[in-house]
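For clarity, chains are labelled A, B, C and D in written order, and residue numbers in each chain start from 1.
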Amino acid sequence: MIKVGIVGGTGYTGVELLRLLAGHPEVEVTVITSRAEEGVRVDELYPNLRGHYDLAFSTPKACELAQCDAVFFATPHGVAQGMMAELLAFNTRVIDLSADFRIKDIDTWEAWYNQSHGCPELVAEAVYGLPEVNRQAIRTARLVACAGCYPTSVQLGLIPLLEKGLVDPSRLIANAASGVSGAGRGSSVDNLCAEVADSFKAYGVKGHRHLPEIKQGLSEAAGGEVGLTFVPHLLPMIRGIHATLYSELQVEGVDLQALFEERYRDEPFVDVLPAGSHPQTRYVKGTNMCRIAVHQPQGEKTAVVLSVIDNLCKGASGQAVQCLNIMFGLPETAGLNSIAAMP
Amino acid sequence: MIKVGIVGGTGYTGVELLRLLAGHPEVEVTVITSRAEEGVRVDELYPNLRGHYDLAFSTPKACELAQCDAVFFATPHGVAQGMMAELLAFNTRVIDLSADFRIKDIDTWEAWYNQSHGCPELVAEAVYGLPEVNRQAIRTARLVACAGCYPTSVQLGLIPLLEKGLVDPSRLIANAASGVSGAGRGSSVDNLCAEVADSFKAYGVKGHRHLPEIKQGLSEAAGGEVGLTFVPHLLPMIRGIHATLYSELQVEGVDLQALFEERYRDEPFVDVLPAGSHPQTRYVKGTNMCRIAVHQPQGEKTAVVLSVIDNLCKGASGQAVQCLNIMFGLPETAGLNSIAAMP
Amino acid sequence: MIKVGIVGGTGYTGVELLRLLAGHPEVEVTVITSRAEEGVRVDELYPNLRGHYDLAFSTPKACELAQCDAVFFATPHGVAQGMMAELLAFNTRVIDLSADFRIKDIDTWEAWYNQSHGCPELVAEAVYGLPEVNRQAIRTARLVACAGCYPTSVQLGLIPLLEKGLVDPSRLIANAASGVSGAGRGSSVDNLCAEVADSFKAYGVKGHRHLPEIKQGLSEAAGGEVGLTFVPHLLPMIRGIHATLYSELQVEGVDLQALFEERYRDEPFVDVLPAGSHPQTRYVKGTNMCRIAVHQPQGEKTAVVLSVIDNLCKGASGQAVQCLNIMFGLPETAGLNSIAAMP
Amino acid sequence: MIKVGIVGGTGYTGVELLRLLAGHPEVEVTVITSRAEEGVRVDELYPNLRGHYDLAFSTPKACELAQCDAVFFATPHGVAQGMMAELLAFNTRVIDLSADFRIKDIDTWEAWYNQSHGCPELVAEAVYGLPEVNRQAIRTARLVACAGCYPTSVQLGLIPLLEKGLVDPSRLIANAASGVSGAGRGSSVDNLCAEVADSFKAYGVKGHRHLPEIKQGLSEAAGGEVGLTFVPHLLPMIRGIHATLYSELQVEGVDLQALFEERYRDEPFVDVLPAGSHPQTRYVKGTNMCRIAVHQPQGEKTAVVLSVIDNLCKGASGQAVQCLNIMFGLPETAGLNSIAAMP
C-alpha cells in the first residue's frame, strides 16, 4: 500500500480526495492535516465518510508528512510553496492541487496572484499535471502541479485543434461555466445559497487567474503565443464545468470528429461523444471523465467545442489521483472507476 | 407622505422592505442605516433597486431617525433593544422585525436568546405584530414587534382550531420547512450554496428560538398552555415557508373547511384554498399572502393543516408594511399588491 | 380601459401576461382562450392569481376576440398565422408573442420552422416588436411580432456596436444561457426537473430557430449581412437569460461605456451598469428590464458584452405589454414597474 | 458470474440498477428490456454509462429472461404481475422493484391501485424486501417484493420503537419529503423543472399509495394495528428522502440512542448518527445507506426520528441489489460500496 498524506483536508478538494482514495485498492491515507480542525474526526466533519475512515485532522508537520510516499496539497495558493522544499528533501513526492507551481513564468505568477513566490527555485522542475499532455514527465516527477479546473476543460477541448494548426491561434474564445463548489468552502456572502442558487452571472471578465495558466498550456500546444478571451460564469449548481470553445478554422475540409477521436483514442478519461452530441455536466458528475463534442455550425468557419468535467474531480482531486497512479506505476484508473449517477 | 427609516438595511429583510416600499404610494424612505456599508448607495449593493432609490446607507443616529414618522428595525436580535427607549421618546413609532420584543416573559426571552434583555421595561407595551390576531392593538401601538416567519405560518394554521377548542392542545406538531434566506445574509459555511443547494435536513430539533414565540401565541388562542413539538427544516431553495401542522380533533363532525373560511373571510392576506388543495410555496413568493389548506385524512381524528408564506414577506418585511399601514390608517394592502410569478 | 384578449393563456407567457396585466391601470383582460382548459378558471390553474381575476378559459372565437381592442397571441408558432387575417379585418390590433411574423424572408421562416407559412401576405406589414429599435413603427402597427427571448438579449447587447460600425460584423459570437421556462409548459421528458435541475448543457449548436431572427436584426443594425455563431445553453433554473457576446473591435480608442450609456439613455427598460459590472439574471427576474455591461478584457480587441433579461418578461410578455403601451399611447412603463426580488 | 436481466430498463430505477451493477464484481447484466427503446444502446440513452456496457434494449421475452439467474422488474405497477408466474416457472428468481407484490391483502392492493391484481396466487409467497426485517426469508425467496422508497425510510425509523412497544402505536405521524426523481421518468407537466424546481408542497394528503404498505410493515413490528398519518412532500431537488417521524413515548426513561444503536448494530446499511445529529439527504446520495438520528425534544414525550435515504438507491435499486446479494449468498455490500459525494 502506498501511504499518502493530505495537507488541507477540510476543503472541498480534500474531502473529494478522501472519497476517491477510500475506494483505491493500493492507497492508504495515513495523515490528514488541518490547523483549524485539529483533533476533529474526518467523519464528524464529513459524515458521508462514516465507516470509511478512522482518522482525525492533525496540525501539519513536515516530519510526519515525510513518512508518506506521497503528499497531496489541497490548500489555497501560497501554502504549498512554504513547505515544498522541506518535503522534497525527505524524498516524499508531492502532488499539488493548488496554483503554486503551475505557471512557469514567475513574474506572471506574482502579478496574477499578487504576492511574491515563496519557492521560485522549484518552479522549473514542477511538472504540469495534465496527463493527456504530460504523462511521460509525470511518471518520474518529484513535484506535480495539477492543472486547474477551468484550464483542464479548456485545454482538453482546444489542444487537438491547436496541435494540428487548424485554427487561428490569435482569436480563441473560452466561454466557461462552473458550479459553485469551485469557489471553495470559505465562508463568504457572495457564495451563500440565497445569493447564487437562482441566478447566473459572468465574473472576472477583466481577468481571471486561470487565464495565464490556460494561455501557457495552449501556447505550448500551438507552438507559439495564443490570443485568448476567457470568460468564466457561475452556475446555480454545485459541481460541474462546461466549456464552450470558439475558434476559427483556417483549413478547410477537416474531419473534426475523426481528429478528436484519434487524439484521445487511448485516453481513459477523455471521451469524445458521437458527432452532433451535446455533453451535459451530469454525464461526468463525481467522476474523472472529460466528455467532449465538436461542432462546426452551418459548416462555417467557426469550430465549437463543448467540454464537460467535474470541477472537483477531473478538475482537481480526480486528476491528482490519476497523477498519483501514473507516478507510482499503478493502473491509471485505480480508484477512479465510479459512474456518474443519472438522474 | 409618511417618512420612514430603516435600521439595518443591508440584510435580507432590509432590502425586502426597500423593494416593497418603492411601490408604496404613501411612504417615502428617508433614512437607511448600516454601519458596515456607510456611504454606499443602496442600488450599488442591490442593483435590483437601480432607478428606484437615490439613497445611501448611513450610520444610525437616533436624532436622524427621530425625524421619521416610523422606523423599521431590520436588525439581528439584540440591536433594537438598545435604541428603543430613545426613539420612542421622540414620538417616533417603531416596527421591530427582530425578536427583541416578541416574547412577553423576559426570563424566557433571556433563556432562549442567551443574553440579558436590554430594555425589559418596554416589553409589556410592545404589541405582537400579527394583524390577524392583534389588528386593533396594532392601530395605536407605539412599538410593534412583528411576528417571526415560522411563527406566522404556524399560528395562522392552528389558531382557527385552537380558538374553537376543537383539537387537543397538548399534542400539537408543527413540521415546518424554510428556504435558506431565513438564515440571513451573514457569511457562513453552513449556508454556502455548495452546502445546502442539493440537500434537505431538519435542524434545531432540540429546540429552536421560535418555539417559545409560537407557544406563546398558540396558548393565547387556546386560552391555556399548549404542548407543541416544532421541527424546522432547511429547504434547498431561497424563499418560502411551508408548515405542515398536525393536531388531534377532540370533537366530531366539524366542517373544517367552513371553519377556516369563516375565520379568515375578511383577511386580505390569508387565503383559504378550496377543499383538497395543496398549497405550494411558489403561490406566495414575493407576496404578503398566506395560503392555507385544511385536511382530515381518511376522515380520521388527525387534522392536517398546510400553510405557506414567503418568509421574507408575510414572514418579515411584508408583515411589517402591513402593520405600518394599520398604524397609520392607510389601506391595509397599500404597497402589498404584487402577484407571485409562476413559473 | 383598454380591453384585451389572450389567445393561448395556459402557457407560461400567457400566465405572465395575466400577472403583468393584473397590475396595469389602463387594461382589462376580457377574454382568455384555451381549447384544452375550456371552462376552467384561470385562478384554478394558476393559484397565484387568486383574488385578481374572475375569468375562465374559453375556446377561441374570432368574433369574441374581435370585441377586444387588442389581442395577444401567447401560442406556439403556427397558431397566430391561422387567425391573423380574420382578426385584423375586425380592426383589432394584434401583438403576437410567437415566432410567426418575426422573420421577413418567408423561405427562411419555412426552412427553420419546417412548415409552410399560413399567412405570408401579412409578414411584410408586421412590425418587429423590439421597442428600442422600432418604437416609431410600433405606435401605429396593426400587427406587432414581438422579438424572441434570446434575440432580445443578444440584439440589445450588440446593436450599439454594430450601428456605429465599431466591430467586425463577420465574426460575432453570441453565447447565451436560458432558464428552463423558455422551453414552455409542454410535457416532455427532457425538461423534467430530474433531468435538468442539476446539470448544464449547450443545445441546438447545429442551428437554433432564433439564429435567423437574430441575424436579421443584427444585419439591419450593421447595414449589411453579419456572420454570427449562436450557441444557446440550458440553465438549471427557471427564469432568466444571460447573453455573453463577443465581437472584434476594428476601431481603437472607443469609450464603450459611454457609447452604451448614450445609446440607451432614454430607454426605460435598458440599464447600462457601471463600468466593470457583471449583471446577474436575478437583477431582472420578474421585470421588464435588460441590464447590460460592456467590457474590453485586458484592453485587447475583443469586446465582451453581458446582457441579462427575464426570458418570460422582457423576453416575451413584458415586451408585449411594453408594445401595447406604445401602440395605445399609454405611459410605456404602465404595468411594468415591479422590482426584482433579492434574494 | 450471476446473470441478471432487467425488465423496464429505461426508467430511473433501471438506469440506477445499471450504474450499481456495473461495479458489482459477481454480476453480469445480460438482458435489458424496453419496448419503447428497442434496439437503442443503453449508453446512448444514458451517456453516463459509456464505456461500461455494450448492451441494447430489447423487447421483453420470458424465454430470454429465463436464461438469467435473476430478473429485476424496474417497471410501473401492474407489469410484473403479468409475467411473474411464467418466469418463476423457469426457476428464475425475481426481484420486483414495483408495488405489485408488496401488500399482502389483495383487496387493499386493488383498492389503492385501482385495478384487479393480475397474479393474486403469488402474493402470499412473495417476501417483502426489507433486509433489516426479513433477511432470513429473502435468502431463499423465489420472489422478493422490494420495499418502496417512503416505506423504507419510515419503517427503518419507527420499527425500533414499535418492536419494543415504547410508543403509542395509534398516533404515529410520518412527515416525509422526497426528491422529484421519485415521480419517475414519465413526461408530465407537474414535474417539469419550471414547475417544481423552486417550490415545495405536500401532496397526496388525502391518501398516498405508500400508506397501506407502511401500515402493514409497522403493524407487523408493533404486533397489532397501528394508526398512522402520512404526509409526503415534494422537494425541489432530484434525489433523497427525509422522513421526520413523530410518536408518543408511553414509557419513561428509555435511552433511545442506545436502543437504535443496538437495533442496527450489525446492519451494513443503517447508520445511527451520534446523539443530537441531524442527517442530511446529501450524506447518503447515490448510496445504499440509511442514516438515522433520534431525538426527544425538551425531554418531553414526543420522540422525533429523522431518517434519510436515497430514494433511487436504498429506496429502490440499491435495496434490490442488496436483496440479490442476500439471495445468492454474496457479500451483502457487493456493488454497494460507493460513498456519497460532498459537496
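Side notes on the structure shown:
Here is the rule we use: a residue touches a chain if its C-beta (ideal position, glycine included) is under 8 Å from a C-beta of that chain, and two chains touch if they have at least 3 such contacts.
These figures come from a predicted structure and were not determined experimentally.
For the pairs C-D and A-C, the larger set of C-beta contacts lies at A-C.
The greatest centre-to-centre distance from subunit D, using averaged C-alpha positions, is reached by C. Centres computed as Cα averages put subunit C at a distance of 45 Å from subunit D.
Spacing of subunit A relative to subunit D, judged by their CA centroids, is 37 angstrom. Inter-chain centre distance (subunit A to subunit C, centres taken as mean C-alpha positions): 39 Å.
Across the assembly, subunit C contributes 12, 181, 185, 192, 194-195, 198, 236-238, 279-280, 282, 285, 343 as residues in contact with two or more other chains. Against subunit D, in their complex, subunit B makes its touches with residues 171, 173, 175, 177, 192, 194-195, 198-203, 205-207, 227, 229-231, 233, 235-238, 240, 242, 244, 246, 248, 276, 278-282, 285, 295, 297-298, 300, 302, 304, 306, 343. Per the touch definition, subunit D reaches subunit A in the complex via residues 12, 15-16, 19, 22-23, 46-52, 181, 185, 198, 238-239, 271, 273, 277, 279-280, 282-286, 291, 312, 337-343. On the side of subunit B, the complex with subunit A involves touching residues 12, 179-181, 183, 185-189, 191-198, 236-238.
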